[in-house]
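Below is the structure I would like to discuss, written out as structure tokens.
Chain naming follows the written order as A, B, C and D, and within any one chain the residues start at number 1.
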Amino acid sequence: MSPVCHEDRALDLGDDHFHDACGVFAVWGHPDAARLTALGLHALQHRGQESAGIVSIEATRPLTAHAHRAMGLVQDAFTAATLAGLRGDVALGHVRYSTTGESHLRNAQPLLAAHQGQPLACAHNGNLTNTDALKRGLDAQGAVFQSSTDTEVFLHLAARARGDSALDRVIEALGACRGAWSVAFLAGRQLIAARDPHGLRPLCLGTLGRAHVVASEPVAFDLIGARYVRDLDPGEVLVIDADGARAYAPFEPVAPRFCVFEHVYFARPDSTLGGQSVYDARRAMGRALGREAPADADLVIGVPDSGVAAALGYAEASSLAFEVGLLRSRFVNRTFIEPVDAQRQFGVRMKLSPVAAALRGRRVVVVDDSIVRGTTARKLVAMLRDAGAREVHLRVASPPTRWPCFYGIDTPDRDELVAAHRAPAEVNALVGADSLGYLSLEGLRGAVNGQRGGFCDACFTGEYPVPFVPVGALTARTQHGLAPPVTRR
Amino acid sequence: MSPVCHEDRALDLGDDHFHDACGVFAVWGHPDAARLTALGLHALQHRGQESAGIVSIEATRPLTAHAHRAMGLVQDAFTAATLAGLRGDVALGHVRYSTTGESHLRNAQPLLAAHQGQPLACAHNGNLTNTDALKRGLDAQGAVFQSSTDTEVFLHLAARARGDSALDRVIEALGACRGAWSVAFLAGRQLIAARDPHGLRPLCLGTLGRAHVVASEPVAFDLIGARYVRDLDPGEVLVIDADGARAYAPFEPVAPRFCVFEHVYFARPDSTLGGQSVYDARRAMGRALGREAPADADLVIGVPDSGVAAALGYAEASSLAFEVGLLRSRFVNRTFIEPVDAQRQFGVRMKLSPVAAALRGRRVVVVDDSIVRGTTARKLVAMLRDAGAREVHLRVASPPTRWPCFYGIDTPDRDELVAAHRAPAEVNALVGADSLGYLSLEGLRGAVNGQRGGFCDACFTGEYPVPFVPVGALTARTQHGLAPPVTRR
Amino acid sequence: MSPVCHEDRALDLGDDHFHDACGVFAVWGHPDAARLTALGLHALQHRGQESAGIVSIEATRPLTAHAHRAMGLVQDAFTAATLAGLRGDVALGHVRYSTTGESHLRNAQPLLAAHQGQPLACAHNGNLTNTDALKRGLDAQGAVFQSSTDTEVFLHLAARARGDSALDRVIEALGACRGAWSVAFLAGRQLIAARDPHGLRPLCLGTLGRAHVVASEPVAFDLIGARYVRDLDPGEVLVIDADGARAYAPFEPVAPRFCVFEHVYFARPDSTLGGQSVYDARRAMGRALGREAPADADLVIGVPDSGVAAALGYAEASSLAFEVGLLRSRFVNRTFIEPVDAQRQFGVRMKLSPVAAALRGRRVVVVDDSIVRGTTARKLVAMLRDAGAREVHLRVASPPTRWPCFYGIDTPDRDELVAAHRAPAEVNALVGADSLGYLSLEGLRGAVNGQRGGFCDACFTGEYPVPFVPVGALTARTQHGLAPPVTRR
Amino acid sequence: MSPVCHEDRALDLGDDHFHDACGVFAVWGHPDAARLTALGLHALQHRGQESAGIVSIEATRPLTAHAHRAMGLVQDAFTAATLAGLRGDVALGHVRYSTTGESHLRNAQPLLAAHQGQPLACAHNGNLTNTDALKRGLDAQGAVFQSSTDTEVFLHLAARARGDSALDRVIEALGACRGAWSVAFLAGRQLIAARDPHGLRPLCLGTLGRAHVVASEPVAFDLIGARYVRDLDPGEVLVIDADGARAYAPFEPVAPRFCVFEHVYFARPDSTLGGQSVYDARRAMGRALGREAPADADLVIGVPDSGVAAALGYAEASSLAFEVGLLRSRFVNRTFIEPVDAQRQFGVRMKLSPVAAALRGRRVVVVDDSIVRGTTARKLVAMLRDAGAREVHLRVASPPTRWPCFYGIDTPDRDELVAAHRAPAEVNALVGADSLGYLSLEGLRGAVNGQRGGFCDACFTGEYPVPFVPVGALTARTQHGLAPPVTRR
């Protein structure tokens, strides 16, 4: 619907995964705010590699906002010189893999605007489900959209809200939004961070000396030596300013529904989300898979990086040897050239190399975290056979992905999901393994039971916790006034 | 007032001039629209060298808008690959030298937004005088500003306007604006071009085969082989779409006040503005100067490029020989390094070199178009003496610049204008010439009398044709309905 | 001694390893030669990341040589456009990590020169031990050196040699050289590849359809679908031209001495060198280490990537659980910014992240392939403790590195080698682990006994197979005439 | 003959001129040597725009040579950071427009090599006529050529020379060379500058405080505040080191033959060469042309920049008005895009714009410095007519160029020279002017009679002062011992 800008999309290198949309990082009250933000974003680089951006606020009168956004990786986007220009002790950063809006610099976040002479910046991980309705309403009021992200909707809603304080206006804006939002705003010198009532996407709080830090995953704290404090609660709105950090719970509570795919694939294995270690969860998925879908084989290998922990668990549960049968190239972050007569598995081989010594003449169980379209799995199986594996048994450490995600994950159309309309045996007929086994939904749920609250598993079940809002049916459910600050640990 | 982004400002290389803000170029109905626009902008490069941008509209369903904007010169910003991506037969381009807003990519024009699912782009040459009042009103209605240009105000006003058609909405938006605007919009596939009622800045119409072209100066037509048709009238709104070009005159007529400084310095000498050749005008200024401020000297030289035509006129009126006593470097478009112990006139010498053979032992009249701060003039005089000139008589082909411009020209604060509070003799005491002479206001007016209508000469006289609007006093004087199309030549 | 060019050296990111110098790749007789070479180099990227280069030969009359060399990674150095310019069906490529000569573009290989109107290119993996003597001799004959690599010596020697054919001249040149050279020349359209008599560095031959390919490691063949044929023999000179491939053995045979550190660290685990799988060798090193240096612990982790296979072997031999306790960042190929107050282990953390869930409260054996200066090991141990490990037992899958390498490996001065003058207990006092164990020399030799012939293990033992030649003592031992071609499998 | 590297050659923008090859600049004994050299090269940018390079010598033990060379303009090639790395108080720089060798980075000068542990760098303006013979001899002695410039020949010859001192060796090397060489060497910390015995190309000496500077044209001194001392004599070899500057005259004197085309076109008009002001010379050429080839016309215009001074002289001699009828774009230093349906004179228009106001209805004399192929002249005449000129009389301020240059100027093959085999009337039939007139050889000679000594005017007359050396016929005429230093002013 919206006017879009042209740009070639890089071909995936045999990377048949759902893709996370974004990572958010913010620092309040540290003289080195922008550099710390760049490092925090670097630690969150796995959540988005298309663009990176930082907005900082310098305490001049009036306030000065500095911004730098660029296509590409954090370490290419931010040089020492760029960071020197991002003065101020408050900074907000974002890495992006586009879900809504095209891959274009003008869609890179954080978005930065001015409202009533104050800077207003926003960085968002997630996806709204009532964007069209909201945009239609805003259009009717004369809003102009300069990006094709739904993140820009937050800015327009906040600017139009009636509240007296920035916090009131942000809460009113968020109250009109449906879907998934782990979001951070800079409103003047205030940092306001919030999670949607279902808590679909992660967001957590930490401290670095007297400074506060906010990040999508706690691994971003480790790199800069910050201390993890806690995850934000679903529905929480957290304000950080010169008076410290104050938590609010302005939205009607609903059942928590954390994205289970963060544990399956998106998050880094060294992260802990909702009190649950991702590495432990993946190992447990592997163990359950070993029990549910055993194989008569000689050894177990994992597809690096995300399938390795599950492969270890599978090996443990099935008492098979674990081997490093596949190597991931350290030097490929994007597509490169292709030879004129490329061999069949060229795309996969650019990223993964088989270790023939570990495979030759053996019956191999290969564990991957998920299968999306199935095209990579087919090439992978063929590559393992070419490297000498006698048998290849493919095991998937999650249930069949049958439904697209509408909450901030880049998934293909339903018809492209190989398991959408196929039984596992039919999938395996396409993939060509000696056998194929998936983890059951129960097995998955058991593996993540260390986490408080419920999960969103709509990509497996089609049970979407937040319905799409038909255009026109939107009833503004904005907040008039704040609930009192919540006392937290 | 607004939050701004950091960037170092390039030092001027002894370029003590008022600076034009912008150039606008548009093509409607040509398969090569973006390339032609890049060339048109290149021909207008003298009007702005800080950033360049093009938006094109591709006739897909829905329409697709392509955009590319970059800091720097047109030929650096646009490669063959970039232009290949700017598909479509309608394109709008802009070159910029910042007057409002900082020098930053996010302020590069054309601005592109979406409103009600349609692309809306805007490129502006000029400056509004009621921006603060308009922004305050828009702020109150929840507008968020993503650039620090006042051009963005057009987009917000047009989006909020009540008219049914894009043309109605643009006219309503323009009706609320005071100051100088030669502006072009792309609204969907329509191209809408307009000049403010005073006609402060230039804008003209041409044709290229069956395509229409719009440009700040007709020289942009010459390069692409387009035919000049006419200047837009002050207050004219011109719509170009599949039904052809239609002119409207929706605003209450006021006295035309074309910026006389376009003739003095900004425009290219090969341009014709308002029916008056710029070259002829400058030559006439020089002749008048020769009559008004003769010098007992051996030869006349001009400061290239803008002072040369006036120098020729001066030589003619005074029957002195004309020589090329100063060369302008072909290779300096921006600052370069400076040696640790730079000699006194280093900055000027990077741009201008004296031809000692023409100067040695001679009494020299040097003609410049204007003096702003006087710093360059002082170095220039010293450099000519060092090169061997026996006497240096500085002649300025315009009156003393005593007042800043508020209509789209980059001028220093009044206190920095060397002539603001000084008589010519006092100025010369600073500049150090053997004599100093300015052109009178009458002389200037006589030189440009080939042009229809009156001029704005506020930078010389302080008589501003458009007053500043005090915040709060703005009464919307929007148009309800269109005047009938004007029949034009 | 030689004049050098300035360039800042990138800080190592906690990468306390010996560094391999170079990778060589060549294609003869394929229309897509340059693209295949770029991919081959990409597969050899682990052997050198500072510069990359390709020379191709186009069969024009006279022959045209095309060259492109650049600092940085292969995929940054070679674009589709660059490769399109590298026309011809013969190509030679090189990736480099400087050992001799500074890191500078003019030292990037392949070197390309013209001699008697014919192109002569050279790419070298290894290091000469009589460079100074050779250069002195060449200096006396008027040679000028335009790089600071010892590779350039090959070009000068070949150009001065008296042989009638390029092959004769290359053999005469090589005959004067002492040390390690796995080298490939393009002489006109001929490809000449050779290994020094000890066979210190690897080089192998493959075929791709009717084309011949040569590479430092066979993994480079896998990516392009080429077939591995065999390793070149120590002392072999292989000529490839329109008459096919012919092998010569012109040098007096000596005992083979393959660099054992290729198996310890340099080579990719999926490579097979001298008939010995690197993965198997590392796993065997780990098993032997487990037997020789057991630990009372709960689990075993490896330092990715090179320590993982040994860790698996250690776990197997000691019946301890293997875990992924350290993650390697996918996004760091070079240094990035550092915060002002970086935490202690910052450098290591940029590359490696501990998985706290696998470590907390456990007694951990961490297996690394080698320790060089020991600085990284100290940070690593501290990082594992900070992540919760109760005990940290460091195990090194090779003997203490006590001597520098003179055969093409980047090693620090002897005094910087932490084990040069220290017993393991003293090393551990610096490193701070609960215990430290090295693999014995016998253990190492047992692990690589799948390979034919002897090894160079001078970095562990100080027993250098090739002595340094004192300047002046060089007696030219050049070859006059060729031994007959060797019949090979 | 030599292997060459591929690179697209930029299209000329209607720039139908002979092109100068190079500019040379050097500083001895100034702490800011590299920055001053960058500025000196910038002032010589008109002599070569394809590549730029600087070598500096830092007085470490052993000496350290720093080098930076890049394609493109000086101000793009050298940043503050690059220059900071070029430490040392001796520096040598070069700008290049290729005459021999392709346009490639590896041909960028200064060339830098090491010989006997000492840096040896060389920068050359000119062209050798016995390169092939010299290369053949060097080839036979085993020299390898790493560039395709004939400048590299100097390095090889100097390295092979038998003299004891660097000066002896440089003189011996130069003694073997025929043709045109204004050349500067850095040999260790010594700066050695020399001109060929005919003095074909310029080179001059200056001082900056206690430092010495050498430059192709004295205009390079003006920018940095250095003082011009004198031109080097033809055949002079000048040594600058800690003992000051010493001049030698080691070569057999021959008649001076300074390139007259430096006055016609190459040199900047503000330069003085051989005691003759270039501006005065061009003005005198114009006056002579006005006398020799008058026209019945209304006004005179010059083709900027090089034709303007001659046009002024023509106007003076013919008592016609001088006008600025053509503007040169300030923003075109290289080719840009071309529209799909470009108008006829597109290429010329990118560089030159007609001022219609000065031309319309008038009979115009247009003065250019020379005509090479005639293609641009045809477009120029057509463009002036299209701009309204009633008659166009083309006057050329030099004789017909009929012969190619072999002394360092980029000229087309003889058959491409429009006047090679055509009388002026035939040329005009192609160019399409109302009349065409050239300056006579006598007229040209009269105009430059301010200069001491004779000229090379082979491009007009075919009388080449230095014959080409047939391959094989070269008799080494090297110097054995130095003539005593020459006492100079």
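Here is the rule we go by: contacts are C-beta pairs under 8 Å (C-beta built on N, C-alpha and C of every residue); 3 or more make two chains touch, one makes a residue touch a chain.
Values in this document were obtained by computation on a predicted structure and should not be read as measured data.
J.: Which neighbours do subunit A and subunit D have in common?
T.: B, C
J.: Can you compute the centre-to-centre distance for subunit A and subunit C, using the mean CA position of each chain? Integer Å is fine.
T.: Using C-alpha averages as centres, the distance is 38 Å.
J.: Averaging only over C-alpha atoms, locate the centres of subunit C and subunit D and give their separation in whole Å.
T.: Roughly 47 Å, centre to centre.
J.: When the centre of a chain is set as the mean of its C-alpha atoms, what distance in Å lies between subunit B and subunit C?
T.: So the centroids are 60 Å from each other.
J.: By residue number and range, which residues of subunit D touch two or more other chains?
T.: Residues of subunit D touching two or more partner chains: there are none.
J.: Determine which chains touch and list them pairwise.
T.: A-B, A-C, B-D, C-D
J.: Note which residues of subunit A are touching subunit B in the complex, please.
T.: It is residues 1-7, 62-67, 85-87, 106, 111-120, 139, 141-146, 148, 155-156, 158-161 of subunit A that touch subunit B.
J.: For the complex, give me every residue of subunit D touching subunit B.
T.: 31-32, 35-36, 38-39, 42, 45-46, 49, 73-75, 78-80, 83, 219, 222-225, 268-270, 272, 277-280, 305, 308-309, 312, 316, 321-324, 327-328, 330-334, 336-337, 339-343, 346, 349-350, 353-358
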